[in-house]
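Labels run A, B, C and D following the written order; every chain starts at residue 1.
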Amino acid sequence: MGNPEIAKLGYVALVTPDLEKSLHFFKEVIGLEETTIIDGVHYLRAWGDFQHHTLSIEKGDSGHVKFVGWRTKNREDVEGFKKLLEQDGIPVASFEAGTTPGIGEAIRFKLPSGHTFELYYDVERPKAEEGRKSVLKNQTYKSWSKGVSPRRIDHVNIHTSTDAGITYEFLEQLGFNMREYLRDDNGDIIAGWMSVTQLVHDLAVAQKPTLPTPARIHHISYWSDDSQDILRAADILREHDIDFIGPGKHGISQALYLYVMDPGSGFRVELFTGGYLIFEPDWEPVEWTMEERAFGNTYWGDTVQDKELNNITIEAK
Amino acid sequence: MGNPEIAKLGYVALVTPDLEKSLHFFKEVIGLEETTIIDGVHYLRAWGDFQHHTLSIEKGDSGHVKFVGWRTKNREDVEGFKKLLEQDGIPVASFEAGTTPGIGEAIRFKLPSGHTFELYYDVERPKAEEGRKSVLKNQTYKSWSKGVSPRRIDHVNIHTSTDAGITYEFLEQLGFNMREYLRDDNGDIIAGWMSVTQLVHDLAVAQKPTLPTPARIHHISYWSDDSQDILRAADILREHDIDFIGPGKHGISQALYLYVMDPGSGFRVELFTGGYLIFEPDWEPVEWTMEERAFGNTYWGDTVQDKELNNITIEAK
Amino acid sequence: MGNPEIAKLGYVALVTPDLEKSLHFFKEVIGLEETTIIDGVHYLRAWGDFQHHTLSIEKGDSGHVKFVGWRTKNREDVEGFKKLLEQDGIPVASFEAGTTPGIGEAIRFKLPSGHTFELYYDVERPKAEEGRKSVLKNQTYKSWSKGVSPRRIDHVNIHTSTDAGITYEFLEQLGFNMREYLRDDNGDIIAGWMSVTQLVHDLAVAQKPTLPTPARIHHISYWSDDSQDILRAADILREHDIDFIGPGKHGISQALYLYVMDPGSGFRVELFTGGYLIFEPDWEPVEWTMEERAFGNTYWGDTVQDKELNNITIEAK
Amino acid sequence: MGNPEIAKLGYVALVTPDLEKSLHFFKEVIGLEETTIIDGVHYLRAWGDFQHHTLSIEKGDSGHVKFVGWRTKNREDVEGFKKLLEQDGIPVASFEAGTTPGIGEAIRFKLPSGHTFELYYDVERPKAEEGRKSVLKNQTYKSWSKGVSPRRIDHVNIHTSTDAGITYEFLEQLGFNMREYLRDDNGDIIAGWMSVTQLVHDLAVAQKPTLPTPARIHHISYWSDDSQDILRAADILREHDIDFIGPGKHGISQALYLYVMDPGSGFRVELFTGGYLIFEPDWEPVEWTMEERAFGNTYWGDTVQDKELNNITIEAK
């Protein structure tokens, strides 16, 4: 048997001090669909997401992310990863199927950066009910029902005050491929865009020494099909009196973006489109120097650098 | 060692009776860039393609496609596939590196449908020269230099007068995954959308019993980032007095399309955007029945079904 | 004092046998806002319309349009037009302010084609209430609240079984300028695109000898800002299981279109963007011959010609 | 006879110290078409402009604008304006037809702000030659031939160090309607968006007390049909290594913008789409206060306020 493999980003488990505000933001402004509510936890997904949920939201004392869930390629990969991690002395917690509704047997462990990742294989794919179900057989919900209406989850971006190099190495052992990175003047990589899929990144990790707690989450991203959808999102956010950064286009990843914060939890969402796919098996990671950093961050448009909204992150447990 | 694997669609080797017309069409109207010309063969790629070429064009007696090239995941996969194919009694021809400029050691063989496929691993990635090179480090050429200006090659669509079921099975052995298919009233699959990547299809195969020669190529597709690019393409084609079908949106694959024929060779190009990606490792192929066929072909817009332009295909060798 | 002048298209008074269906279509699918309901009549406008309503809908025995209202440039123009029309022997009915809610003193009369036009000057411009009001001072409602969400009314298109030439002449006396027209092989103009504004047309009139009643309305059109909005509209209509024609681009007017029918009344709506503006004071009307007709109707895309959906019109009183 | 009237913005006469750079910028990057070159002056227009030229470019010692030309509604209006202006003691210079190629008899005079305006009626409309001519009968050139490829001229924006109130009053006497304006805390209007057409503005005038010379030109604007065209323009400018501000959306006028400077002359171009049209004959100008100024300038996106690129203007003679 080969190495266990991760197939894709699964979901983010968000805790918010203001559940009502967060639900209004994610359901009415962003326009995610609610699969179900169980024990006060709301399970949401975009109209084009194919699994049970890509975001769970529950009430808690502070805005933070409990963990980020990833789906493995095979059922036995969950056990396979458990063994590998424990061989390396990493504590691994196991969870029975259904601990998270819609998610099968799972393990959780911490990255060197302190972020908790979950791995699972089995997942429920509940059909949408009549009235919300798409007329297309290959699509979960009707598109364009409400708000921004992105198609699917895209990636997560995490920050760490620890030495990010250790986390990049760890992630590469889990099967993440470095696709683009920023190298500082000391020769250290301080931001990396990594993926297990053919996206440029499913996961970005940035080193930020001055964070108030070691492990933070910068944003989750949902993907829309067209650039015009991002401009329409800007109108929608303004009409809801919600501030944001963008639109702008990243040099790194080439994607068009808008950054907006959930007013309930402080968790940031990147509305995202464009970019490129990587099909080459021998992809050479693209290096950006500190001199090229501004260009890599903002190819054009409203910049993400050094803006207050951009510098706030929420804690990751 | 595991099974050999195919990473991605590489290129299509096109022969045209009217080289000048075909070059004008692909370079000025579609807007592909020319990597090089060697021995009268023109090697073209889109501005976002990462390899030596994705289309070669040479002069010949009739418009046809010599073969479709695919890149393997590893260097040893080329030899691996050779062994597997020969074990199954399939004749395999081997080619030295450089037989096709920019392409390493390669093998060629015929599908049961009669279409020739090439497999190779090594590929040159010549940088674009100053003036044509993008200011972005992760992009080959400047975008939007001329014509439609699509980003990258997307897929090929082939037709066969043979029993397509045999070819689907053969392709699945090569590692192609069935993503969506059309089942006729006898229970046979007569059109299949298959991929080795996370695209819905790198390759579509349709059974057309009445073709004039057994193996035909319906189209090659180039991908643009935005729906608006496809509408702009329609304007550009009209201004060049070139007829086309579309715009329309497929139900199958959910992509926005335009079909246009190279006036030199009769080879059809699909200009394409939208659609969805498949990250689920246990994707259940989406079945469309004959009753659902029209909807699957044309979710909305100018239909691809039963139009003359659509029914013409060129021979595949 | 100079000639009385018409400033702009005002509103269409629609009667529907199925009020519930029509309201669902115009409010939820098209996404018009409801200004008010008075005596069972619903007054609707788009988020960017600046007057009381641009469409009124009431219940009646059959789907038809009672009249089309136009706003004059000056208050005294209403009386001015009354005099001119009566001098020509045209019966004119006068209505007190408020006969139609939001509309001041008005006159109504019939075109030679049999269509009833209303002229008025005074109009109420009720502000949108909090929650629906735009954050922009120059916009009535929040955009993108629901459905297709077009910006504003654009034009009406009427059909007549009478000699259209008489109606073109009559309309020119009212101040409509011919902008583009279709001339048949006998030398008669059988379709004319006319405007009092700088749009290519506020009003199109086509001669259709075989209509079941002499005066018909082909469609009302609402305008969106971007081509992508029309493609999104196509998705929305499909998700509501509503059939339509398009997208396509007219040669005449250069506009991108989608034609869809209100399932309640049978009244057609054209969703519309693009096109050009005419600022030249000495514009030469653009002539299209029968040979050029198909191209003029459909520059590209799903054609409006000879389709069943397109040939149905509702009666105009 | 009524008052003389202005129909539309005609053209801007630009002088550049680096003709080659300016021509490359306007012809290859922006993508204007060249009607003709006479006596070293290049006459340019966009593919959808209907007159001889909308921009003339000639070589001179410094980057500046000689005058802004406006077309009147009637031939006799040129003489009519001459009389009115001279009655008010304004010096008026008369020019024979053909003084500017393609332009008939003209007069020139200075606004109180010091900017020179030209008024003319007659204009040549040379057809585009085969190869550049559109296949559409209602369009001058093929669209999308090169560069950004906007449709038509839209407006000019001028700055003055004098009391702008005097100029607003003067312009209102010429027939310009105030559509939106910015009022400062002293109650003075310090920026006004005015039009003779149904656009929100053909002309914006801002009071800037600290200008190096009294009469400056901030920008000329060309209009594109779709928001996506502006995003594509941003890519094109970056690939040409040309800096710009935007994309952003104005609150005032609601238009999507990009500001870019001609590297030859320092003259700024606004690439522009969206916005609204004013058909109401009794439009109440929209007032913006200093508190609302930032929102009015930048509804969202990369801001035009206080940026260096934005503060540079070229002299108007």
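Criterion: a residue touches a chain if its C-beta (ideal position, glycine included) is under 8 Å from a C-beta of that chain, and two chains touch if they have at least 3 such contacts.
None of these values were measured; they are calculated from a predicted model.
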The larger set of C-beta contacts, choosing between B-D and C-D, lies at C-D
Taking each chain's centre as the mean of its CA atoms, how far is chain B from chain D in angstrom?
-> 46
For chain C and chain D, what's the span in angstrom between their mean Cα positions?
-> 32
Where does chain B touch two or more other chains at once, residue-wise?
-> 226-228, 235, 238, 299
Based on the touch definition given at the start, go ahead and assign the chain network to line, ring, star, complete or other.
-> complete
Chain C contacts chain D in the complex at 2, 7-9, 48, 50-51, 71-74, 136-139, 151-152, 180, 197-199, 225-228, 251-254, 273-274, 276-277, 279-281, 286-288, 292, 296, 299
What does chain A use to touch chain C in their complex?
-> 134-135, 142-144, 146, 226, 228-229, 232, 235-236, 238-239, 241
Okay, in this complex, where on chain D does chain A touch?
-> 226-228, 231, 234-235, 237-238, 244, 246-249, 256, 299-303
